[in-house]
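Shared chain: chain A. Partners: chain B in the first complex, chain C in the second.
Coming up: the complex of A and B.
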């Protein structure tokens, strides 16, 4: 009797687990299928390059893609050096768990969870008003940089920690200064991991909407400088679907473009970190 | 870690400079959080001084233009949405992880894991857009107006499900092989192994993932704003519209002036405080799990 009980309970549990998996897969197919199905028609060169007309009901997303790229460029240009520097200090220069390193880590842990709208508020007060940048790509990019920094640092730290310890001992034995050891040996060895982190950061920044509304603004013209307001792709989707009656059709096109961009970015990051972990196995 | 002492093995001056530069980077990175709280507080200060913190819970309603700052309906909206999303996403996410680790044949597990990772990479505005054009009309056909707690919960649950599933998957993967072999040797069935051995062993990691997901659910702005109708009221059914704290900020910052604007910064502070607490909890939990597996 108990044996049979176990058996039937096992079967019921298996059914439960499988049906949960099927539900998740079905929801996923529903969502992506809908976006791909209705957005595919807009995946043309014209749509990608033309300027939006009639508040986005017609035309394309050319200037919006340019603004998005500029936002990402500003974000990376600031976050990458700062993140790499912090990761280097945390992974290579902190011999023990000093109070300073602990405090920085703790602060970054919390920063990683701060909601993006709060970053938006901060960016609005600090970059837009206090630093006087106005609604601009520069202000938006700097806000994004604050947001992706924890992610970037964690990835860079992981990349550096994955470099075999023998490399450092060999450098020390050769009498290399730490700066030279970093430049010549450790950084090159950690490059795939660092790249994977950077790409991940780009993905996070690209997906962001709330932090940008009150920092980089809504203007959908082609920006002429970094101090111009520019509309990110995600904000374009938001605006088309919420504020523009009849904007849904083209919002599908923009949503598909955004999803494809993120897909490429995330796949690149995954590929880089896989390649790097394979390389590690060989070199150890 | 370069473990040699700088005074003996690297006497170079450039190293001292490098070290100072890196310390500067780390200090800036660490100070961002302090800056965020300082600037939010300074922007919120006018209303905190004028009205005091208690007005935000005792006022009759949220009419900031008339000096009424009741935040509780939006706190309730935020908590309802997040709780509902967790109620759906935690069982589905944990079961997905169990499926990945214990039930799926290997090739299927590879495909399924990739699928969940893809789901994690979809931006929130796309979730919101899909909710708005697909879910809301569907719910409206059943019970007007469609933009509702239910739509918010549904969209949020989909958004946080990958977080729960992927962290639970990692936590289950960290359960020592020997433990599972011992369970098999004792003749435990697959489900008993999962329920009595693997999940309890992975508890801390799974919980940390749930707390992370909760933080994301509380702070999510755009997806929720797009599907919940944004009426300031405590929802009395799953079909009633509501407004969350984050959505309130995004909606009203565009035209808010003076004290009204300051009041929005207060809601930003409340939100940041809530989530910061959760993040500390998650860090502590995952720290525990690291100790447990070491």
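Coming up: the complex of A and C.
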């Protein structure tokens, strides 16, 4: 008798776990299905390259795509070196449990939890007004960099810490300098973790709206320099669905493009990470 | 694998050079006055921004070499940016208040705020007193107004929105006296909230509501004190809950700003105002 009882309890638990998984998968399918279904009609070369017209109700998203990629480039160009440096300091050059390291980590975790609108208002005051960059892609990209940094640092640090300690000991035993050990062994071994951090950062930056409204602005013209304002895809979607009557249809098109952009970036980095970690360390 | 690093490095260098090349010389960028000769920045009301953006595009194509940047964000931002000099012109979707005498307003168009309910709701007319009773929570059920036996879901606007300010000025309520169930930001969001809930009541721009009704949104505009909420009645001034869409500036207009304001208020932008579902000023 008790055996049967366990069996039924087992089945119930399995059913629960399965239904949770099904609910999550169904939500995902519903969401992406809705966007693909309503947006697929707009996925044409014309839509991707043409300029928006009639406040975004007609035309395409060409200039907006360019602005989005420029924003992302500025963000990564600033955040990647800074983030990697800080992560190296935390993972390789400080003992894990000193008060200093703990304080840095704690403040990073707090920064990572701050709502993006706060970063947006900070950027509005600091980059736009104090540094006089105006409403520009540069100001927006720098604001995004501030926002993405904590995420990036923590992910990179985790990536570096995941490298087995024996690697470091082996390097020391071979008499490699610290720089050489980092360059030749530790960084290559940590690449999957670093890329995962970068992808997280890119994802957050691409999806960001609140931090950009007051920094990079709304202008949907093709930017001619980093000091021009440029509208990001997410802001375009927000504006079309919230402020422009009849903008919904094209908002779906833009949302689909944003989703595809994220997928492409994720796939590329996964491929890069695989390729890199396969041959890198042994081939040295 | 060394090669991969070189390839990535080369791509990064190329990208950096392209970006730097496309940037203007530092002198040109830092002298804001020189830039301002040919470019204009407008910020403010997200209700006015799509209209101002379209007017700006027409102005740019008629005056090659000029650049007009339009940013949304709310009337509050328009006033703050115009005062701080971050924008040459602010966009404000209400009349200026007593404390804003340092600014000059240049009216662009009119816009009415309509009370909307779900299409399935039988209520056709509300008096000002009934509206106040609904928004203060005195009436919690549609039955009190002769409707169905269902709780009223009150949809209200967030702080800093001029639609909210106009609504409060008309009803004479303080924001703390209202008892909203849902607080929203933009017009389209208000329409979506009401369209999704048969028991909801909200208020949005009449032009936006008319557009969405014509395109099948299940909502209805309710007459206010017996006056139908329509563009018609906003233009002739008989509808009580209406506002003026303004451009504002902190300093006397000069050069490009003056030219643009004249352009925006002339007859030639009438079709753009209608296309954005606003009401042109009586000529």
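Following the convention adopted for this analysis, the second predicted complex is superposed on the first by the 231 of 284 C-alpha atoms of A that agree within 3 Å, B and C clash if a C-alpha of one lies under 4 Å from a C-alpha of the other, contacts with A are read in each partner's own complex, and residues count from 1 in each chain.
Note that a residue touches a chain if its C-beta (ideal position, glycine included) is under 8 Å from a C-beta of that chain, and two chains touch if they have at least 3 such contacts.
On a predicted model such as this, the values are computed, not experimentally measured, just so you know.
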{"item": "Chain B versus chain C as contact partner of A:153, first or second or both or neither", "value": "first"}
{"item": "Touching partner for A:219 - first (chain B), second (chain C), both, neither", "value": "second"}
{"item": "First, second, both or neither for A:271, with chain B first and chain C second", "value": "neither"}
{"item": "A:234 touches, of chain B and chain C: first, second, both or neither?", "value": "first"}
{"item": "First, second, both or neither for A:179, with chain B first and chain C second", "value": "first"}
{"item": "Contacts of A:109 with chain B and chain C, given as first, second, both or neither", "value": "first"}
{"item": "Partner chain(s) touched by A:73 [first = chain B, second = chain C, both, neither]", "value": "second"}
{"item": "Contacts of A:242 with chain B and chain C, given as first, second, both or neither", "value": "both"}
{"item": "Which of chain B and chain C A:135 touches, first, second, both or neither", "value": "second"}
{"item": "Dominant toucher of chain A (residue count), chain B or chain C", "value": "B"}
{"item": "Overlap of the chain B and chain C footprints on chain A, listed as residue numbers", "value": "213-214, 241-242, 248"}
{"item": "Of all residues in chain A, those that touch chain B in their complex", "value": "6-7, 9-10, 13-14, 16-18, 20-21, 23-25, 27-28, 30-32, 34-35, 81-86, 88-95, 100-101, 103-104, 106-122, 124-126, 130, 146, 149, 153, 165, 168, 171-172, 175, 177-179, 181-182, 203, 206-210, 213-214, 234-235, 237-238, 241-242, 248, 251, 255, 258-259, 262-263, 266, 270"}
{"item": "Touching residues (chain side chain A, partner chain C) in the complex", "value": "54-56, 70, 73, 77, 128-129, 132, 134-135, 213-214, 217-221, 224-227, 229, 239, 241-248, 275-276, 279-280, 283"}
{"item": "Touch list for chain B against partner chain A, complex", "value": "1-6, 9-10, 12, 14-15, 18-19, 21-36, 39-40, 42-43, 91-92, 95-96, 98-99, 102-104, 112, 115-119, 121-130, 132-134, 158, 161, 165, 189-192, 194-195, 212, 215-216, 218-222, 225-226, 246, 249-250, 253-254, 264-265, 268, 271-272, 275-276, 278-280, 282-283"}
{"item": "In the complex with chain A, residue positions of chain C that touch it", "value": "1, 4, 15-16, 19, 22-24, 29-30, 32, 41, 43, 46-47, 49-51, 53-54, 67, 69-73, 77, 84, 86, 185-189, 207-208, 211-212, 215, 275-277"}
